[in-house]
Amino acid sequence: MSSIWGNNIKISIFGESHGTAIGAIIDGLPEGQKIDFNYINIQMKRRLPNRDDTTSNRQENDNYEFLSGIFNNTTTGAPICAIIKNQNASHKDYDEIKNVLRPGHADFTAKVRYKNFNDFRGGGHLSGRLTAPIVLFGTVCRQILETKGIKVAAHIYSIKDVLDKPFNPINIPDNLINKLSTQLFPVIMPQVESLMKDEIKKAKLNNDSVGGTVECAIVGLPAGIGNPIFNNIESVLSSIIFSIPAIKGIEFGNGFNSSHMYGSDNNDEFFNDNGNIKTKTNNHGGILGGISSGMPIVFKIAVKPTPSIAKEQNTINLLNLKNTKIKISGRHDPCIVSRIAPVIEAATSIAIINLLSEVNML
Amino acid sequence: MSSIWGNNIKISIFGESHGTAIGAIIDGLPEGQKIDFNYINIQMKRRLPNRDDTTSNRQENDNYEFLSGIFNNTTTGAPICAIIKNQNASHKDYDEIKNVLRPGHADFTAKVRYKNFNDFRGGGHLSGRLTAPIVLFGTVCRQILETKGIKVAAHIYSIKDVLDKPFNPINIPDNLINKLSTQLFPVIMPQVESLMKDEIKKAKLNNDSVGGTVECAIVGLPAGIGNPIFNNIESVLSSIIFSIPAIKGIEFGNGFNSSHMYGSDNNDEFFNDNGNIKTKTNNHGGILGGISSGMPIVFKIAVKPTPSIAKEQNTINLLNLKNTKIKISGRHDPCIVSRIAPVIEAATSIAIINLLSEVNML
Amino acid sequence: MSSIWGNNIKISIFGESHGTAIGAIIDGLPEGQKIDFNYINIQMKRRLPNRDDTTSNRQENDNYEFLSGIFNNTTTGAPICAIIKNQNASHKDYDEIKNVLRPGHADFTAKVRYKNFNDFRGGGHLSGRLTAPIVLFGTVCRQILETKGIKVAAHIYSIKDVLDKPFNPINIPDNLINKLSTQLFPVIMPQVESLMKDEIKKAKLNNDSVGGTVECAIVGLPAGIGNPIFNNIESVLSSIIFSIPAIKGIEFGNGFNSSHMYGSDNNDEFFNDNGNIKTKTNNHGGILGGISSGMPIVFKIAVKPTPSIAKEQNTINLLNLKNTKIKISGRHDPCIVSRIAPVIEAATSIAIINLLSEVNML
Amino acid sequence: MSSIWGNNIKISIFGESHGTAIGAIIDGLPEGQKIDFNYINIQMKRRLPNRDDTTSNRQENDNYEFLSGIFNNTTTGAPICAIIKNQNASHKDYDEIKNVLRPGHADFTAKVRYKNFNDFRGGGHLSGRLTAPIVLFGTVCRQILETKGIKVAAHIYSIKDVLDKPFNPINIPDNLINKLSTQLFPVIMPQVESLMKDEIKKAKLNNDSVGGTVECAIVGLPAGIGNPIFNNIESVLSSIIFSIPAIKGIEFGNGFNSSHMYGSDNNDEFFNDNGNIKTKTNNHGGILGGISSGMPIVFKIAVKPTPSIAKEQNTINLLNLKNTKIKISGRHDPCIVSRIAPVIEAATSIAIINLLSEVNML
């Protein structure tokens, strides 16, 4: 069962990279929510390739169509289905390499999992294209969050070894959030953008790809959201975040750094901030015991370098199990990090909507 | 909904640190599985405190009782319930600090979440004690895995800055697995044990605590297990692993390191190993597209330093919201990493049992 | 959460009577199942109106389109989405009566449930049209069942007081099953068809409608399928069957009759039938303790008379809460029983597929 | 997966008739609910046998113990576990007939389902004893419902052919509800009690058993609760009600009667009752389109005669598959209907709590 996520609010996703259409249904969203399609369009565009020479030149436009659940531009409370028709699919790119395993790809694992019946074209159901409905429905969720004063934003924290400034986890200003959430290449320090893009272009020039990290923050989430043990905030967020292809790590607050620290340094002291209980530092990343503390929730995710590279690699041909070489010549991203940032925000929004629903806050 | 985890095999957990009993039900395990209670006892003991001066001297014995689902020492297919009676509960330790928020703890978040109705004694339901039923049922699952040639083992990869050797991810020998899975302080290189314990004792001497990391491997899992998109292996594992208190990060295979790499370095080339498809390296940590590749699954988790420290910390008193200081004087672990290792193995076993069940392999 | 049904195999349904499209996703079906579209077309047609003067003359054709999960006419194991575009929607019929509550309809309850945001046109999401995707996907499931020797068939057991012969529950011949499952007006005794249709025409002539019952059988299901307590066969079947509009009762085997009987009459004695364990009678309807006995599963369902009638009825107008009268003039079925029969078969097939999946038989 | 029921509020049940203990966990109930243990005791007693010569003389007392989730007699919001220790188990009764299939029982189906590993003693997990935790937790749910003005009550509608008066579905007075919900043998017309008991005694005298029906009402449920399509009120109620052993049919409102009626007779006309929208009749049983109308919800269930009878019956012995005869000599109920009434009320309360939770009304 791979296509349904959520407890109270469920998203069911479907489609293949080169099939008729991809899409999703979301069920459980409250009725009466006005949809801002412009907001959706902005976010959908942030996920698209072919924006400059740091992304794939695959030409997509991701025109979506809502089929149900919206009436007079407002949610009805019934399940919302939307589809995105596939287009500009280049079947030829994939057919010739059907049996030559692409290193780092799911060609082999999908074949075994589905006993060779999987639609292998362009990765089929196991394709980054499936993140488009996540952005689409995540942005619907995000609009609902914003009516409650909850905002989500992500930035590129690193590309290879070039680092952006991290969020200040005890104070993430609204204008920063707003700025990041519309950028195609979201960074906090403007000057790192070109340095990061240089790394990407260098990788591309070498027929290679490069990885990076994304930092994401949720601001305005009240204390007391989430659950102890199972379904705690870290579990829920990591569960949906790892559904995004290419992500290989996640850490909350101080994360792996905390493993090198003493408790007296890592603990966040409470204080009375004009009647509100806050912590002076935010090493806990806004989550204590799986439940929100009211401080910003902050987490980082690791994005591996895209596996599709034009450089020659060794691999085998499934037809004869013999060694062969492969150069992946299609239209591929030398770095996927900037396109993943809006997906992280969207997936995070779906997760938070679920958690709010559990405490009757939707 | 915080107490139920799993799709095909579900575990429902309950109990409070100072209540009558803790325990769990597991439903969906196959009938006809002989239970090795000795194996359970070994794992339960690995989780217990009071073993030496690097752990809490809280005296527990975690005597469990199976109430259902086992007949003639064999699973019947009906739900299995087991309880662990609480004992040696020292209510006094906790009553006096009821309203003084312990930094790094869930006192505050639980109060808000449950509107002050939570059983606050010793953390109540939000207590590390709840990992005991995870070890209990996880070991039942682990026995089933072993009948299928699948083994799980974890070691302490680091305590503060002292590092063990990592697993060799393309070859994790059986004897290493077997050795680690019975040790109280599991490390690959014997000589790091005393260095790591020195770090822990130093922290304890300073009324402080210290963090670390655990590396875990799953060996023998066939290719083709797991799911694309939601419910992929990373999602499923991270979802249950983050249910263990104090864990703040997880990374699979090369994890965060991969974000600093080029695709040509991070991709794992396929080769024909006497008729089996393998990869020469295992940066992907045994998971491609959310599905097992047949290579060992390897992941690391970050454990924060235990928040309960005897050192004086600033905090506030909830009764008057005034600043105050706290020294946590109870019987607490200066480092929880060694006790978490068997919990990781147990939680991992529950996760893998679930994934096998989805592909009719149970 | 109203749109997702199933445990291992989940169906997610969406759409409104007069929206863009209706449809569903099914996830968890095994890969490698060849789809017989002709079979689907036959079943879809059996659900359609406008076949003769006993059904509505609403002109629909329910052309469906599979968007995913099928490749080379074969299931891939990925989620299967299909949509059915709406057409011939007569908005005028519904707009004028928007605020006049139709007796027996969900106009009022849907308005309250969704705080007036529901798409009210033609019942919106609460429409019999939503049974089309159930037939579509149920027929896919049914094809899989048939490859395992499991067949499902329903017949009209009664229209008002005109009765068909019931199934002989200890022996339901294949040729009867096959015949029923393609008929537009499935009955066991051919001679009752015209008597039943006379009842329907009489009701229609009186601007009225009429109810009936459907009997359904599952033949070839092995013993040992299903569950004790929750998720037993009766629970699972009734849960999906009551999702079909207009159904107000269900009984298994002897059902309500058994409440008037002695145990010695109702119990079914076991005997050895050439090495197979069978029962001489089948009052238990093929289910003992929630689990299949290997005997045919037999159940009856009660269908209320369609609430849309042209006869004048008293009601109120929501705009002023004043008494008013209503004659429902649209194109409505005087009796829905014959169109419900294939829906019952389809829903039953989805349920059985789920139960088989739980015991690794898919 | 047979032991977990519910969406937002989940109950997980466990135990065997002759095991150590039976019990359940309920998760998701709101914190801050005071528990009235006296109320629980009354309901538990209503389910017990050995009250007079119309029930089994098996001596049980069903002493329960809450292990978690309750603090200061108040729910904490954490999962609530309770167990009931088994006692007075007479193993001898069952051992001798281990391989002789009892007609009407699940001996055979359970054996096949669980490949002979099931605990067969007294039916094991497939035992009416498992209804005890349903009454226990159902009564907790019922107390919460009553704080919201929602009441549930059931009465014995028939024993064999002796009928009680049905509920007046448009007006079920509070004092009737209150009276029924504490009676051991709940009937509306006092004079039918002895007639019904005569039927039961007659059956008992003949070494036989007898069936009956129960009618149940939910009063005070506001309009707008429930869901269209899946998870509608009929689906949810029937799903949990059929989990109670011996129930073979359910009908809502006019149920099977409606199948013999014209729409003009079965439709319930709306009227303005001092500003409230009501229906003049209640053939719809309080449910339209799967959603509550605000009218009382009324349903009837059919209870088969208990299969355990002392009369000689034909059956087979599994050891040799030879024909044999059986007289079931244990302590069995000649009629289970009166003991099922409180179970129906309890299961109904769990279902309604779930439905309220979905619309943020808990």
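First chain written, first letter: the chains are A, B, C and D, and each begins at residue 1.
Operating definition for what follows: contacts are C-beta pairs under 8 Å (C-beta built on N, C-alpha and C of every residue); 3 or more make two chains touch, one makes a residue touch a chain.
In this text, all values refer to a predicted model and were calculated from it rather than measured experimentally.
**Q** Mind listing the chains that sit against chain B and also against chain C?
**A** A, D
**Q** From chain D, which chain is the farthest off, judged by mean CA positions?
**A** Ranked by distance of C-alpha centres from chain D, the top chain is A.
**Q** How many angstrom lie between the centres of chain A and chain D, each centre taken as the mean Cα position?
**A** Computed value for the inter-centroid distance: 46 Å.
**Q** How far is the middle of chain C from the middle of chain D, if each middle is the mean of its Cα atoms, in Å?
**A** 26
**Q** Report, in whole Å, the distance between the mean C-alpha point of chain A and the mean C-alpha point of chain C.
**A** Chain A and chain C have C-alpha centres separated by 40 Å.
**Q** Do you know which chain C residues sit against two or more other chains?
**A** 1-4, 8, 13, 78, 113, 125, 228, 358
**Q** Within their complex, state which residues of chain B touch chain C.
**A** Against chain C, chain B makes touches at 8, 78, 228, 358, 360, 362.
**Q** Spell out the residues on chain C that touch chain A in their complex, using ranges where they run on.
**A** Contacts found on chain C: 1-4, 8, 10, 12-16, 19-23, 25, 27-28, 31-32, 65-69, 71, 74-81, 83, 113-115, 117-119, 124-125.
**Q** Can you list the residues on chain B that touch chain A in the complex?
**A** Residue positions touching the partner: 1-5, 7, 13, 101, 103-106, 108-110, 112-113, 123, 125-126, 130, 158, 160-161, 203, 206, 208-213, 223-232, 234-236, 238-240, 242-243, 245, 247-256, 258-272, 275, 277, 279-280, 284-285, 287-293, 302-309, 311, 313-316, 318, 321-323, 358-359.
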